[in-house]
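Multiple structures are listed underneath, in structure tokens.
In the two complexes below, chain A is the common chain; its partner is chain B in one and chain C in the other.
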Partner chain A sequence: MSYQAKGLQAWFLQRVSAVFMACYIIFFIWFFLNTEQMTYPIWLNWFSHPLMNIATGLFLVQLVIHAWVGMRDIVLDYIPNDAVRLITLTCIGFFLIASSLEMIRILFSLSFNV
Partner chain B sequence: MRSINHQKTRPKNLNLLSVKFPMSAIMSVGHRAAGVLLFLSLPYFIYIFQLSLTNDAGFLQAKGELQSPAVKIFCLISIWALAHHFIAGIRYFLLDIDIGIEKKWAQKSALFVTVLGSVIFVISFILFYL
Partner chain C sequence: MRFTLYRFNPETDSEPYMKDYELLNIEPGTMLRDALLRIKNEQDESLSFRHSCGEGVCGSDGMNINGKNGLACVTSVDSLKEPVTIRPLPGMPVIRDLIIDMTQFFTQYHVVKPWLIVKDPIPDVELKQTPEQRDKLDGLYECILCGCCSMSCPSFWWNPDKFLGPAALLQSWRFLADSRDQATEERLEALEGPYKLFRCHSIMNCVDVCPKQLNPTKAIGNIKKLMLKNMV
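The block that comes next holds the complex of A and B.
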């Protein structure tokens, strides 16, 4: 993608990730409200199902993209100093990578239950 | 960093009190604030998620922790943040396809988003404490 289209790319990613996450959240709430008593076996089985496990992994990827674009926009708007801006963006990046690694570890620790 | 001197050429207006805040601006600030809040709440919810999936005792511990007074307030704020961010996001989508782009309707939809977000907050509050 050319430099001129970078903004459009971010704009597009923000929307695509938003749609995916909205669907996931609606499904999550729907399932949660449809379970009379949430117990550990139901909860574990749910996230051990291959589709739900992978969907949650995808949700994580979309979340990282969405959060990065959003936080970057805010930083670019409110932090004019180049050095402070770079440090803040680096911290946000590390924060998101660390969170992702932990989430990936949790999702991978569950064995598929078909 | 594309240009070094953008700090000199860009117009700035740092006195926020000199700016008028219509409904759409209040909603937009809420959208951003909610986004940052959700971003910052990420580690805690990952921790709860991790705890809830370890074993039976962990699940109950996670459940208990979510019901502690301090976490309850935190969850309530997070629910508001998610609700406001979600509904405001839908409004932006509609604006992208030119629905409600007129000034009058944009202000009305902004008010609607803010009110609906608050209503969800109040409903959660009632469900949490009554």
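The block that comes next holds the complex of A and C.
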């Protein structure tokens, strides 16, 4: 995910992650609407299923990639000053890494709880 | 008919300003270029703008007409709302009145190497194409480099030195699509990175304003598709 020399990959990943996330979100809403009463045990059971757990993990990875490419695009378009550009990109990068670590911690705690 | 024109003479004016003119007895079907020439000849000979062929072939008189880029010589005044507001093409430095400095635009045009690159020994006869191969260049070779598209593109306004812009990218695809060209790899490699090609977000302002009805967005999409094909 370097900022230079990743035009095609970034563009491609942005599209692939969008399709994956759209499918995940549709499934998520479908499951939610088709469960009569969503209780914590059902929720926990659902998210502890290996397939759902992996799919959620993939979703989070794709979300971070998608957010990085999108935010990078906005920064490259609207922040002309090189120094401000670099600082903003670094802050966004740190925020995304921190968010992904937190998401991994939550997912792992779900896997080991059951 | 009322006109509001952008005026700026760097030798006498500290800031650009808008000046009003009124033209009487305009014949129906008069083109904007002819109206501007009448203002210049009858009212204010200091008014400066580029123009040459007068029929949409040379691409000299690109300007911002009532907020939309276009060629004055192929824009009928009948179609314009009054007062007709004319400004120079946005995004580039103004030299004087409606004349802009297009150096950056042509620098980006040169970057895509807008000529055939053939590595095999040049044959004694011409490089032949089938009619189908030739058809692929339709909608690409017609570009007259007026700059209306690139100067309507926000990505080109923000990063004119890094993003090549729709006009140059249309020409890039014109040579990538040419069956006689043998530099596909190098051309694609030169377009890598987040800026040169990928600042395009397909908002299609370029398609909206092109006076020759060309489609740079589609050409840019084709370049991305070809890159993807070459990647796998």
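By definition in this document, the second predicted complex is superposed on the first by the 106 of 114 C-alpha atoms of A that agree within 3 Å, B and C clash if a C-alpha of one lies under 4 Å from a C-alpha of the other, contacts with A are read in each partner's own complex, and residues count from 1 in each chain.
The rule is short, and it goes like this: contacts are C-beta pairs under 8 Å (C-beta built on N, C-alpha and C of every residue); 3 or more make two chains touch, one makes a residue touch a chain.
Just so it is clear, the model here is predicted, and its values are computed rather than measured.
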Q: Between chain B and chain C, pick out the one touching the greater number of residues of chain A.
A: B
Q.
In the overlaid three-chain picture, which partner chain does A:Leu8 touch, first (chain B) or second (chain C), both, or neither?
A. second
Q.
By the touch definition at the top of the document, which applies to A:Pro80: first (chain B), second (chain C), both, or neither?
A. both
Q) Which partner does A:Arg72 reach: the first (chain B), the second (chain C), both, or neither? A) second
Q. With the two structures laid over each other on chain A, which partner does A:Leu89 touch: chain B (first), chain C (second), both, or neither?
A. neither
Q: Classify the contacts of A:Met103 with the two partner chains as first (chain B alone), second (chain C alone), both, or neither.
A: first
Q. Thinking of the overlay built on chain A, is A:Ala55 touched by chain B (first), by chain C (second), by both, or by neither?
A. neither
Q. Do chain B and chain C land on any of the same chain A residues, and which?
A. 80
Q) Which of the residues in chain A end up touching chain B in this complex? A) 15, 18, 22, 25, 39-40, 43-44, 47, 63, 67, 70-71, 74, 80-82, 86, 95, 99, 102-103, 106, 109-110
Q | Touching residues (chain side chain C, partner chain A) in the complex | A | 154-155, 158-159, 191-199, 201, 224, 227-228, 231
Q | Partner chain C, residues of chain A touching it in the complex | A | 3-8, 10-12, 72-73, 76-78, 80
Q.
Under the stated contact criterion, what part of chain B meets chain A in this complex?
A. 1, 4, 6-7, 10, 12, 32, 35-36, 38-39, 42-43, 46, 49-50, 52-53, 55-56, 59-60, 82, 86, 89-90, 93, 96
